[in-house]
Every structure is written in structure tokens, then in C-alpha cells.
Amino acid sequence: MSADGSPASDQLLQQATAWWSTSIIDIHPGEIVVRGYPIQELIGELSFPQMVWLMLRGEVPSREQAKLLEAALVAAVDHGPQAPSIAISRMAVTCGLPINGAMASAINALDDIHGGAGQQCMELYQSIAQRADAGESEKDAVEPELDRFIAERGKIVPGFGHRFHGIDPRAVKLLDLVRRAQASEIVSGRFARIGTLIEQSLKRRKGRGIPMNIDGATAVIYSELGFAAPLGRGLFVLSRSVGILAHAWEQTQQGGRIKGPMPPKIPFQYTGPPVRRFEPKQTETS
Amino acid sequence: MSADGSPASDQLLQQATAWWSTSIIDIHPGEIVVRGYPIQELIGELSFPQMVWLMLRGEVPSREQAKLLEAALVAAVDHGPQAPSIAISRMAVTCGLPINGAMASAINALDDIHGGAGQQCMELYQSIAQRADAGESEKDAVEPELDRFIAERGKIVPGFGHRFHGIDPRAVKLLDLVRRAQASEIVSGRFARIGTLIEQSLKRRKGRGIPMNIDGATAVIYSELGFAAPLGRGLFVLSRSVGILAHAWEQTQQGGRIKGPMPPKIPFQYTGPPVRRFEPKQTETS
Amino acid sequence: MSADGSPASDQLLQQATAWWSTSIIDIHPGEIVVRGYPIQELIGELSFPQMVWLMLRGEVPSREQAKLLEAALVAAVDHGPQAPSIAISRMAVTCGLPINGAMASAINALDDIHGGAGQQCMELYQSIAQRADAGESEKDAVEPELDRFIAERGKIVPGFGHRFHGIDPRAVKLLDLVRRAQASEIVSGRFARIGTLIEQSLKRRKGRGIPMNIDGATAVIYSELGFAAPLGRGLFVLSRSVGILAHAWEQTQQGGRIKGPMPPKIPFQYTGPPVRRFEPKQTETS
Amino acid sequence: MSADGSPASDQLLQQATAWWSTSIIDIHPGEIVVRGYPIQELIGELSFPQMVWLMLRGEVPSREQAKLLEAALVAAVDHGPQAPSIAISRMAVTCGLPINGAMASAINALDDIHGGAGQQCMELYQSIAQRADAGESEKDAVEPELDRFIAERGKIVPGFGHRFHGIDPRAVKLLDLVRRAQASEIVSGRFARIGTLIEQSLKRRKGRGIPMNIDGATAVIYSELGFAAPLGRGLFVLSRSVGILAHAWEQTQQGGRIKGPMPPKIPFQYTGPPVRRFEPKQTETS
């Protein structure tokens, strides 16, 4: 290489620098700046939900907005040791995994079906809101969007109904907080209305109440606060991580080695072929 | 509880046993039976690809079928340290992860875009084959199915073209092996024909060659051998796991702590707001 | 099975129920109870850090305790796109992973080296505190415990020094908050003293300042608040998850497919053997 | 930037290239070279176990060596749906994870306790071999190294005994294959002898037989073939991945949504405090 250096190198180096490009954080020796704010000015001032919001969206929300977000984050932390994500976390620590690893295996399982209901519900709400923006009443917008959603994704409407709870006490409380926030003009109340309209439509369709569950209620809050739908899943992961961590820690203290899903004395059921002999020649093609 | 026990308990216990139900393996003390075969009769007799096949599909393939599967598994083991999965594996061990953990973070990244091309390509091949089964010639079946595929999934047709290689030497060799297997009547050659027809169609559509790549060629082999499309992804994971493991091990020997994507002296680019003061009051709603 | 049911079934069923045993949460239809509290009474009342504490430790902390915990959680959310965990998260979404999957691969990498510093530092602090409990002054307890720690774990003392920052602005601010909390008798200040004593000892040992970093400062706070050392790692994971999520989301918006660690035009370095021919016979043992 | 380019850029760029440095693979357009061999010369020629060996160790083994490795890989593919790793894989697909994600969560759980036995056993064997290299007989080397191992790691000696099987049929068959390989001078038989000596010592120590299990037997084979201990874990992961994949696929076909560890009708046991009222004021420090 020549002592002069090559313009091509300069250019490649610029590409390398631009390859990892972010508007979230800037770092220099002795200096950490989050969304423009020196971090030491945020520590002790911002609540954790405010920091979450700042990181995800670039600006600090008002305390009232953050409190509504906080209520949703608090509501979804856990759903018991038999939720697959929690069970995975507990089994994982008995396999030797440290807490980060147990959390990883568990959080990974918060996928479309186990962790995507809030996001999907936000997509439904927001499609109805968009249709209403285009001129229809919210009420009129519900039916065609709900029809379309069910046609595309199947009859289980995420955010409504629960295989275990009739009325979900978390949803009731969260909706109450939304109403109060609306009264204080923190939020518009639009998505709470849309959620209620869906609930009414489902009742008519099924002939019985399919009340809004925790996913439907957090989807109302996240939509009221202006979050994009994929962040509904992200916020749920942040919230449920608390339960995943707490159960991993409790299991660590309970002990156990290579904990399976059921006590070892309960057998599994074998449904395959009866015992047969393996004849190596059968694998030779003549 | 009464000394007699309750029928309800019996029933629940049956449910528990049936909850983990499998036709793959049966286990009793001193006895492990895989798909009906005592495992000690398989060890030393089955090749690893035969065992993969037996586990996934229930029967032992012929040695010739297994050899074709083996060629595909051998072909896809690695694509260099800058493939994201491999880079993740290497960074992970420098963060303190054991080999299983590094492999997990890496394999997780073999998702739709990085690891799903083979599966998607198999879906395309098989949709063309089904259309041909319904009466059209394979040649006639290609255009409408390719149109539909592109309409639904976008213009990048998985299995064809490579951002790096013009001709993929792995694909060439694998297709050669398929031709030989067809000559020996191990496979029918149908999916190799379909793959070639797609290649020809893409050339006409784009005005330049978009030759079949490794994913397209393994998709031919897996389809010729009768695997379901989702197993295309699974087999790719088994194969690429070898590279992921080898690079994790090499990085372990190279050492390093908390290895980032680029040398620390190459900065990242900050694109966010300039430094600003945080005024706590701005977060109070009056 | 007899209609009477079997006592053995009852017993096995009891074992099954006890297999998933928890003091964290109880659930019945329409009722979710966290550590004894109906969840609807907590939503809107507890801050997120209070909920974290309740879940991990069984009681609700005072607002002041929770605020100190909150400051530590806020401080550690991010360390830039070139931290391996963050880079993994960003690469993962370009491979097709949803947000939960990207977070899983990234959180998994917060292992001993990348995510264990806080926990290890808490272990050091707590070993010094225990020695002091046994009669020595805190000052006298530092040297032998530091010697032992270094002998067992190597010369890098987690929680002190930073390869990038001289003074870590987060640590300065966090320690200031600890001092204020001590003045208000929220915490005893013992672990802040121990941290400072270690800092002084390291300065004497190395002949230059190795100031406390973010991990050392959060370890002070978590120890002051009475958390067990393994929870230091767990709390760090909760905090850093915010950055991991924010970067996953930013990358999603930037787009990109199969993003590697460096721009494709920057090659990697091959250090293996030169190209050689493969002679199949070499693999046959005569 | 000057048009001349800067030498500093050239240097940084060299660093960037060296940052991802590997002796495993070289890639150029149209060319993929594994350990020096053009990959198209390996496809169809190397068995999968030979490729694994080449990737991990740089040279192609003889067919006989590869067959012994293959037997070990075949032996460990599965241990039933109640092994935590397998159960995690099956639960994960019902949460919406694709096969790569289910495999990741499961493989992650093959940590020290669930997946590290082979590696740990290899460490024990190899410490005995080293002591023998230093002059003691293998027989004399066993007792002190076993004492040391138990003192450092606890009384469970990995590779020996099984909570389920008395005699492990896989171990019996694998050791038989080692004996045959020794007769053909493929391996030395040294680690088989060491394994047997440990078995005898454990019988004397415990007063009952603690026969070698699958991990002990694969550790014999991997040590006979010259693999480093950490690769014992890596090879186990490759093998068990087959079972993890097969069960993920079977569960996919069985269906199910958000499958927990036990049927929903079997409750978990709550051991926490009885229901209590939350008094917000209790969280205020006066």
C-alpha cells in the first residue's frame, strides 16, 4: 500500500461508519447522549417508562402519558408458571442456563401466537381508524375491517376473549384508566371506542360476550399513545420479561436439575410403530 | 383425599400422559426405541443422514437416497464470517456464551430471510408440481405460479441469483448429482426440471441470467426426496449449524472480549438531534 | 381402568400440581393475584420498578427505594450500535426475525462477560460486606477480598474502568443519587463506601485511576437495596432490553436484508491453507 | 477528505479486514473454498461427519474415523418429549415460532447441566490421560483425578449413571464399536480403558454399579478421535438438534396453540401469601 493512502479506502471507511448508523445514541469518551440528551441529565429524572418512550420514539413524553404506558407495562408482567414462556424460563435454569439465557429462550417464544396478540389487535384498531379517517364513522368502519381481518387471519380475533378468564380484571382496570386519561385530555379515547365497538360486534356475531382481554386493552393504550403496531409486541416483551425473570429466579432458588414439563413418574404416550428389527440390507438399493 | 382414589384423577392423568404424545421415540428403562427400532441396532449401521431421515419421516431411506440428502447437507455448512448468523455466533462467544448458547443466538437468526429461502423455493416448486398434477404440462405450470409467487411475495425469487456469486459452484455440483441419481432411478428428476424451467423463465423476464443458487439446488434435492417444505428450513439449520459451531470454536481459540461488528477504532454514525438540555418541567402537564 | 379410580393416580396428580409450584402468582377465572395482591389494585398504582421489585422479592418497596432502582434501570438502557448485543439485535431483524426473536438472540449474548459485570461486582461487594460483618473494618476487608477475587477470576475487576470512557458520567450521577438517598435514610451507604474503597485500592495497585463504571455503580445501588447478586444480571437485562428493542425497531425502519457486520465491500481475511485438490482416496484407510 | 486518501484510512481498513479473520473458509465470486478445498470437490464425496470434522479441525478424516464419529452422532439424537430441550422445542412451535426459532430456544437449553455432561466427562478423561502422560499408570492416575474432580464439581460424575436407565444400551453399543476400531488400529483404546477404570472406581466408591451412560461413551469416542473437550458439547448439540427438529415438526403437525407443560385442567400450586389488600400509602416513606 502506498504511503499516501487511497481515496478508495477513505470511501470504504465512510461506508463502514455509515453501516452502523443510529439516531438513538451518540457516544464519545466521557459522554453518552440519548436522543440528544446527556444521559446524566436523564438519570434520576426520567421514569423508566419515559425512558422507554424516549428510546423508542425520540422525545420525552409527559408524566401523564408515561403513567398510562406504565399501567399497561405493569399489567402484563406475568400469567403463571404454565404459560409456555414462563415454563421455558423455569426449565432452562435447571439445565444450567444463567438468567440471561433463560430469559432469551423464553422471550423467543413470545412469537406471533404467544406474544403477537397485542400487535395484531393494534393492526386491527388502526385499520379501523384509518378507514374512519377516510370518511366513514368509526361504527361503520368496524364491520368491514373486522370481516377483512377474520377472512385474512382466521376466526380468533386477538385481544378479545380468553380461554381461562371470563372477564379479565386487568382489561377492566386499564380501560378505566384510559377513560380517566381521556377526561384529563391526555388521550383522545378514540381507540377505546373502537375496542368497545369491536366487542359489541363480536357479541352480535357469536351470540355471547367475548370481552376484551389484556391484549385488547394494552392495544387500546398503546394506540391511544401513538405507538406503531410492532412496538405493541416489543412493549409486551419488556413487560413479560419481568415475569420471566421472576420465575427464573424462583426456580433457581427451588433448585432442580433438568426439569421436564411433568414429574418423571408421569409417562408420555408413544404412538409409533411397535418394536421391529432393523435389517441393514433393507437400506441397500439393489 | 379418599383412599379409593378418584376416577377424575385417573382421567386427568391420562390426559397428562397424552399431552406429550409422540410417534418418534419410546423409552423404558434400558430400552430406547426410535420409530420402532431399538437404538442399539441403528448405531453403527445408519449414516447420520439416514438417522435424520428416520427421525423426520419414520422410515429408513436407502443408502442412495441418503447420499443425495448428505450431499445437500454437506453443501450448505458455511458462508463465511460475515454472514449474520456466523458473525452472531462469533460475537456471542466473546460475550461469555458457551457453544450451545452461541449456536442458539445464531440459529435463531436463520429466519425467513436468512434461512427461509430453501423452504420458500420448495413451496414454489411444489405449487408448480401440483398444478402439473392437475393436468398442465410442467412448462405451462411455471409461468402462472411464478407470477402468483412474485405477486404475493415480491420480486426476489428465493433460490435464484446471488448477490455475490454469479454461478454458484455448489448448485452446479448438486444438480449434477441429481442428474446421476435420476439416471440410477433414485429420484424422478421432476423438480430438477421445474428448477430449470424457472431459471429459463427468470432469464426471459429479467433479460439476464439469474442462475439457481445453493438454496434452489437443495430445494430441488429435498423436493425430489419427498420432504415437506418446512423441513427445507430445518435441514438447512442442521447443515449451517456445522459452520456456526466451527466459527464459534475458532473465535474461542482466537480470544477477544465483547467483540463488536467492527474494530473499536471505526466509529458509528450518529444521525440524531444535536445535544440539547433536558428540562424536567417539559414533562409535566400543567 | 376401574371406575373407582386409583389412589396412585391421585398421588401422581398431586405431584403434577406441585411440579409447577410458585409463590409469585395465583390465577383463577376472573382473578389474578400477584404476591397476594389482586392485580387490578396494583395497575395504575405501582410504578414499573415497584412491580419489578414486588415480582422479584415479594413485597412492594417504598416509592423512594423504587426511585433509586429506577435510576439504575434508566442508566443502563443502551451502549450504542456496536455493543455486540445491540449489533446482534439489528442484524437479526434484517434476517426476518420478529422483535421478540431479535431481542432473544441479543439478550442471550448478555452473558458472563457482556452482561455479568454487575453481578460479579455485587459478589465482590457482598463478600467484603460479609467479611466486615465478621468483625473487620470495611477498609481492612477490601484488600484480602480483592486479592482473592483477582486470584480466582483474573485481573479485570468488573465494575471498574472502561475501555472507552475515562469517567463514566452514568456512574457519577448514580453515586450522587445514592448519597442523596443515604442522606434521606433510604439506604445505608455501606456499598457506596465499599465501592469507593475498591476504587482507591485499584488506584494504588495500578498506579492510575480505574474509576467506577456503570456496572460498579448499579452494583452499589442493587446491593444497597438488598438484591441478591444474580438479580444484578437480571435487572441489567431488563434495562438493556430497552436499547435492544429500540435498535431493533430503528433497524426495521432503516430496512436492509441479511445485514452483516461490515459493508459487503470490506472483505474478511482468510488465513487458512492455500487452495488444494481433494483426493478422495486420502480418506480411505488402507 | 482529501482526494489523496489518508494512510490512516488504509490502516483502519486493514484492521477492519483483519477483524473478521478465519482459516475455515475463503469466498470469492464463483468460488467457495473450505479449509483449502474447493467446495464442489467435497460435495458428494465427503460424508456429513467428515465435513463436520474438516470444518472443526482443518483436515479430512479417514472414512473409518468418520464412521466412529458418525456412530456417536447417531446415538444421541433424542431422549424423548419430556427432556426439557425437546419439550421447549415442541412448546415453542405452538407459540408461533418457525422451526429455526424453536430449535434456537431448545438448543440454548443444552447448557452445562443438560448438554455439558459429555464435555465435562472429556475433561475428566483428559486430565487422567495427562497425569498418565506424566508417568503414572492410567490406573493410578484415576483415583486422584476423580477425587479432585468430585471435590471441585460435586458428587455427580457426568458420563456415569442415569436416573432412568440402568444399563444404557447406547453406551454398550458405542463401546463395542470403539473396541472394534481399536482392533483395526483406528483408535488407541486409551480413553475406553480410562472410562472403564472410572466405572470400576465408582463401583467401589458407591458400593453399586454406576455404569457408563451415553455421555460417557460419546466422551470416550470424541477423546479417542482427538477432539477438544468443548467440542464434545458442540457435537452433542449437532446430534441432539436432529431430535429437536423432529419433535418441532411432529408438534407442528399435531397442532396446538400456546401449549403449556401440562394439560390446562391440571392446576399449578400456589404457595404465596393469602389475598391481601394493597394500600398505596404503604409505599410512601413518611
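General observations
Lettered A, B, C and D in written order, each chain numbered from 1.
We take it that contacts are C-beta pairs under 8 Å (C-beta built on N, C-alpha and C of every residue); 3 or more make two chains touch, one makes a residue touch a chain.
The shown structure was predicted, so the numbers you read here are calculated from the model rather than taken from an experiment.
Taking shared numbers over all numbers used, the chain A to chain B interface scores over half, which places it in the same class. On a Cα centroid basis, the chain most remote from chain A in this structure is D. Measuring from the averaged C-alpha position of chain B to that of chain C gives a distance of 32 Å.
Centroids built from CA atoms put chain B at 26 Å from chain A.
If you average the CA atoms of chain A and of chain C, the two centres end up 20 Å from each other. Looking at chain D, residues 12-13, 16, 19-25, 38, 42, 46, 80-82, 87, 97, 101, 104-105, 108-112, 115-116, 164, 261-262, 266, 268 sit in touch with two or more other chains.
If touching chains are joined by edges, the resulting network of the protein chains shown connects every chain directly with every other.
Within the complex formed with chain B, the residues of chain C that make contact are 1, 3-10, 12-14, 16, 80-85, 87-88, 91-92, 94-97, 101, 104-106, 108-116, 163-164, 257-262, 264, 268. For chain D in complex with chain C, the residues that touch the partner chain are 13, 16-26, 33, 35-38, 41-42, 45-46, 50, 58, 60-66, 97, 101, 104-105, 108, 184, 186, 261-262, 266-278, 280, 282-285. Within the complex formed with chain C, the residues of chain A that make contact are 12, 15-16, 19-25, 27, 29-32, 34, 38-40, 42-44, 46-49, 51-52, 55-56, 67, 70-71, 73-75, 77-82, 87, 90, 98-101, 103-105, 107-112, 115-116, 164-170, 172-174, 177, 230-231, 233-234, 237-238, 241-243, 245-250, 252, 254, 262-263, 265-266.
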